[in-house]
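What follows is chain A paired twice: with chain B in the first complex and chain C in the second.
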Partner chain A sequence: MSKQKTEHRKMLNATQGLKNVMGRHFLAIEQAYRDGKPTAWATSGSPVELLYAMDIQPILPENSATISAAQKYSRDFIEIAEAEGFSYDLCSYFKTNVGAVISNADLTKGGTGKPTFMLSTDVICDTHVNWFEVQAERLKVPHYTLDIPHVVSNTNNRQYNYFKKYIAEQLYSFLDFIQEVTGNEYNEERAKQVTQNSWDLSMVWQDIYELRKAVPCPMSTRDTFGGLFPLFTMPGLKEPIKLYKRMYREAKTRVDNGIGALEKEEFRLMFEGIPFWYNLKFFGMLERWNSIIVYEPYTYAFSKYMNPKVTKEMVLSQPIEAMSELMLSFWYIYDLKTRIKKFEETVREWKIDGVLLHENLSCRPNSCGLYDLKRHLMDDYDIPCLVISSDMNDPRKMNETQVINQIESFIEILRKRKKK
Partner chain B sequence: MQKIGIFDSGVETPEEIVMAAGFTPYRFFGDPTLQPDRANEHIPPTHCIWTRNLLEQAIKGLDENIVGIIGTHGCDRTNREFDIWIECLNLDFMFFLNSPRKRDNLALNFFINDLKELILRLEEVFNIEITPGKLKDAIIITNKIRKLLKDISDYRKKLVLKGSEFHELVKNAQYQDKNQVLENLEKKSEELKSRAPFSEKNIKKILLTGSEIDDTEFIKYLESLGFHIVIDDLGVGTKYFWNLVDENLEPIEALAKYHLTKPINSIKYPSYERFNVLQKLIEDYKVDGVINIAQKFCEPVLYDHPYLNKKFKELEIPYLFIEATYNRESYNQLSTRFSAFAEII
Partner chain C sequence: MSLENDPLLNISNSILNPYIEDWQKSNKKVIGYYCTYIPEELLHAAKLLPFRIRATGTKDTDLADIYMVRFTCSFVRATLDLALRGNYDFLDGFLVCNSCDHSRRMFELFNLKVFNRENFNKKVPQFYLAIPHVITDEGFEWYKKEVEELKEELEKAYQIKEITNEMLLESINIYNENRKLLRNIHNLRLQEKPKLTGSEFLQINIANSSISKDIANQELNRIINGLKNRKPIDVSNKKRILLVGSIVDDIYFTQLIENSGAFIASDFLCFGTRNFNDDVQLVNYDDPLENITKRLYYRLSCPRMMDDHLRRLDFLKEEINRAKVDGVLLQRINNCDLHGCDNMLFTHELKELDIPVLNIDREFYQSDTTRLQTRIEAFIEMI
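Then we have the complex of A and B:
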């Protein structure tokens, strides 16, 4: 096989275009600072579309923190934050951002400049709110936070209704906040266009995931971990839609021709949690066991339009109400019962042999419930699972040898099961 | 009497609703002599040690009079943990109360809705009726308890009542029958009127803050080092009784308002306002220093610490921050830091 063909198989050619798309995002941030256009930090899970609709340039510090990690700066930044008194046990994204801001790091190292205001929400975690509270105080900027009620396994429909109402009321109040801080007004037409783009972007991403059901799987985490970023940072713009469509077409061609991302695909895996951004080569290493990750709830979750009750028509005609509904039904925050159900369905539909569960030392809300999830998947559905303990952005908390040994043993188990 | 267990890392659960339903509110407390071995099979050991301790007790078997549980939102894992409680326990009544993080009018309306839902669910499951009259009666009792606790708390300031003795009183008030609590507090209040101040010299007057501290032995340990807790802002402390519920308002609205306007804790937004609460207490109680205890992995308190540290430095108020483990063996390991702090102040 030619070298070109081997490389081609590992990562989609189209994914190379991600650099350009994300480059445009960072250029837009720089341009906004130059032009004096309002900017806002936003936490993941917050309605970034509203920022675009109000002509505010979003900046996603979590995305920037992953850049710090990939560029091997996160450890230094984390230690700067710890020297300020932030505990070793706190979120490594948060500490990376604190260190980056104190160091005045530039965008290429994961720095984030002072914004006009900050938008946080506790939809994913409380850390998001604490994080921006710390940084808003440091940078002396206004901060708006969205308080999202938490759905548990026995939440009923009556509750859903007033939960949604509370979120919607806050979103309307947030629009007033933006207008007060920036003078920018909500423009319905612009909002509609942004929402349309956001919907289209997510739908193509979901279509890409459908292709990953194919055996062999046409693409791996080389395409999705990075490919996820536009969903965070640019929902509402046209540019990433083009990128995703190119990725889709290329992956479809692979599927039609029976070509997989691996030369030999033996084991199909699912990876739950946030990846180790400082050690992405780890995921490539799975290939030595002819293993491929074919589904990550984390990267899928951000294609937010998954709730069948939220139709395209609703998104376009009642964007605030649609967002309120979506913030309660986000893959990453499912209650335990729903989480177990969704995992079982996904394992079946994507023909997954085993599940890797990342017990992320930085993300306690996500790792809480992981043991029960594992137990149910193994005992009720006979799905092999492995819990890996590590951290998304702090390389000090990863014992690579131990993790590799665990995975090697896990693959052996999968191999034996296949032989039966 | 049947009880409703309360799993609450703050004190945000309106006990009056439980009382009006005909049950005794029974807040769960940890047992620092217990290792959370079985809870560790559900929750990773790098998570809040206190809530793992509560789960351990729940798995091993609750008081047989407990017929239901209210889990109240504290930090961001409490809802996830509540799902695990649902997994591990077999009770007909399990309700998660979304105590809002914000404290504005939108949050207030939301909380009122959630309290109404709690009432509805209690009525549905136990086939009872919770009337405004029953709620008002319950509010009158709990307000009496609050007033008594606030009066009694002042004997700490007068150096008559030890922090540990007061801690035990507040703790008892959160799980014993309220009429019994009222009777005990009335007796204590009478007794304190004639009690003489401490004879000890060189007492270091402390404001105690941080994560929930429910082990009275820990307070006794601090006292053994020469500290006296004259005031606190803890759940087993002032947060339980500082304000009163407005008896003239419609009861559900009054309860929601009470919880959203009481002294702020680190879980709420904006948590930095906690500094103002502390500063006021420091001035009013003329403390010698502040001790902030974060239970291991207690994120809300860990996030607040650098800000508090900065502000206390600016004001030149002695401040000690400790990350502690929830077991008694570990207390002695902290003695060097506590002793050094005692020297400073």
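Then we have the complex of A and C:
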């Protein structure tokens, strides 16, 4: 293989720095336990910035669950949870976490220690709240639930304003909750700094995504699936901003020089859903067919500042109100009509040839409207779609051979369409 | 008195019933809803007949599976399946709330696939009610505004000048009476020598949700009078069971339990105690809507309400003693994380109290009866 070819197939050099950044996050967790600093479990989609602003060390059990999967421990943990009475069809992140806690697994295996308190939100799914409710009960720690109303097609402006007010009230009461549980007080200056960092982090991530519009695409999921983690574990800190900036610069150089992540980019794909963390090599396998994933709504969704109504000025001057608005514009809260519109726009802008939809056996809200989404994308916009059935963290639920066969056939369809 | 072939109980066996046909013949409207967290009294005050959507008798979900993945709740899929086949074409209105991640999707699917399907020309007003997931003062304030807004939407959609306080107060009285009557019947099955079976009681509850409460109250009174003279059922050789968990809207499941050596002495179901345990307290006569909302929000909850598990556990403990049950049967429809979590916690908590528990997962419709029967029979034999 020539040097040029190697250059093409590599992930960004900057992405190698992710290990160090995430390493710091886990060191900070260990340090917090040693120093007796308050810690909090938080579900993804929750305002982790507020935890940093209140000097609480966040721990994201979903992130830890992905580590268990990548290290091939998730299956064992899930089976431990099932032996405890958790059903086969319950969320695999949830069961991974239950098993990891029972096994007293360390951080490197995806373990999560007992926190000072837990923060959950139903912005993505009800299960998040159930999960923490169960674990808070088992570990005997306080639990705060942030209830986020879901927007449906006929939600009018009046309801929308109530929704915002309702969320803001809860966020203020959450600050009181933290103070009551830990004694830590809300510091406006610190909050401003955290918010500034969170904003900057998200903006660089969005800039990186803009670069992925380039043909050939400068980076693949090798950079984004892992690269995503700081967005929901460390929003508010400076270190990941530096990492993202390095990733951006390198990707920009590739774009400027017409270098793609693949030597020959033939098919540009979108991947909707949570990846199978125990089998990330699968995504590398797409390269066999000169295919590259150039957009994942899942990794993009966590760059939360996407609502044009929420400006930087608003974020800095009214962080709670801005957060309330943002939580109502989270990707996974959208109604079907908005989702279809977003997909169509994305396919156009990122010049996507086909969409892979992950029918994730663990994720009901994400999979619930999947067939409908597929039907509309195919019928209304002539966008080729393929549904892949699997699970994000439970390797028992993936049939790799079948998935590969499906992909091969799908690529053939895309090839024929290109020839027309 | 025999409840076999009783006209009220027979209503539970099908979706449409003669009462609805009569109701609509006189130009009155029927509104379908999914979950008991909606303000039925408000719908009644608007002169609508609130009909609780169910999928009684469904055997499979072929049509719905076109739009929904197989690992979404089979109850929700079954209702969509029936709707796609036209069984819910009689509805003149449709109200959905965010009961759970699965049923919330029905708002869009009914809108796009059921009410907009080819050759269906009826215009069906649709309403969405967002309900908080936690019980807090802020949540109540928001929920109340949602209900107030629903009132305005109903007035507009059905051209009602105003749903007045008097109309609401009248509906409250009728609904409180209805819940009292259901509790009275419930008490007749709780006793040592029960007057009716768990399956019969389920049928009464289902029928009650499918007809106007004005008629239902007359019918329930008739049933109560009849039951007073009915010979008690001999359950001396049966184990008394408390049935808990996901929606049960078909007696195939309760009969399967009761034919396996058990008697369902009480339940914790939304077609059961959860629905009639609490009344509307008329604290503020100037704002009956607030009283209705208070009942809905603070009542005995279902697992969709987060951080309220201990209150549900307390109810179970009380009911276990009240109904003198020998064991608890926890059941959930596959893929329901809400009941899955609650049932798992109940399993451990009840075992700690030395109360025999069976926790089973099932499909909503009749699909694996042999497996279920084997497990239930084994449990009954063990206790």
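Going forward, the second predicted complex is superposed on the first by the 412 of 420 C-alpha atoms of A that agree within 3 Å, B and C clash if a C-alpha of one lies under 4 Å from a C-alpha of the other, contacts with A are read in each partner's own complex, and residues count from 1 in each chain.
We take it that contacts are C-beta pairs under 8 Å (C-beta built on N, C-alpha and C of every residue); 3 or more make two chains touch, one makes a residue touch a chain.
Note that the structure is a prediction, hence the values are computed from the model and not measured.
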item	value
Chain C versus chain B on the shared chain A, clash or fit after superposition	clash
First (chain B), second (chain C), both or neither touched by A:His150	both
Touching partner for A:Gln16 - first (chain B), second (chain C), both, neither	neither
Chain B versus chain C as contact partner of A:Gln179, first or second or both or neither	neither
Touched partner set for A:Gln31, first chain B, second chain C, both or neither	neither
First (chain B), second (chain C), both or neither touched by A:Asp335	both
Partner chain in contact with A:Arg364 - chain B first, chain C second, else both or neither	both
Partner chain(s) touched by A:Tyr166 [first = chain B, second = chain C, both, neither]	both
Those residues of chain A which chain B touches in one complex and chain C touches in the other	84-87, 89-90, 122, 125-127, 129-130, 133-134, 137, 143, 145, 147, 149-150, 152-155, 158-159, 162-163, 165-166, 169-170, 173, 335-337, 359, 361, 364-365, 367-372
Complex interface listing, chain A residues touching chain C	84-91, 94, 122, 125-127, 129-131, 133-134, 137, 143, 145, 147, 149-150, 152-155, 158-159, 162-163, 165-166, 169-170, 173, 335-337, 359, 361, 364-365, 367-372, 375
Residue ranges of chain C touching chain A (in the complex, touch as defined)	66-69, 71-72, 98, 100-102, 104-105, 107-109, 111-113, 126-128, 130, 132-134, 136, 138-139, 141-142, 145-146, 149, 303-304, 306-307, 309, 332, 334-335, 337-338, 340-341, 344-345, 347-348, 359, 361
Parts of chain B lying in touch with chain A, wherever the complex brings them together	41-44, 46-47, 71, 73, 75-77, 79-84, 86-87, 94-96, 98, 100-102, 106-107, 109-110, 113-114, 117, 120, 267, 269-272, 294, 296-297, 299-300, 302-303, 305-307, 309, 321, 323
Touching residues (chain side chain A, partner chain B) in the complex	84-87, 89-90, 122, 125-127, 129-130, 133-134, 137, 143, 145, 147, 149-155, 158-159, 162-163, 165-166, 169-170, 173, 335-337, 359, 361, 364-365, 367-372, 389
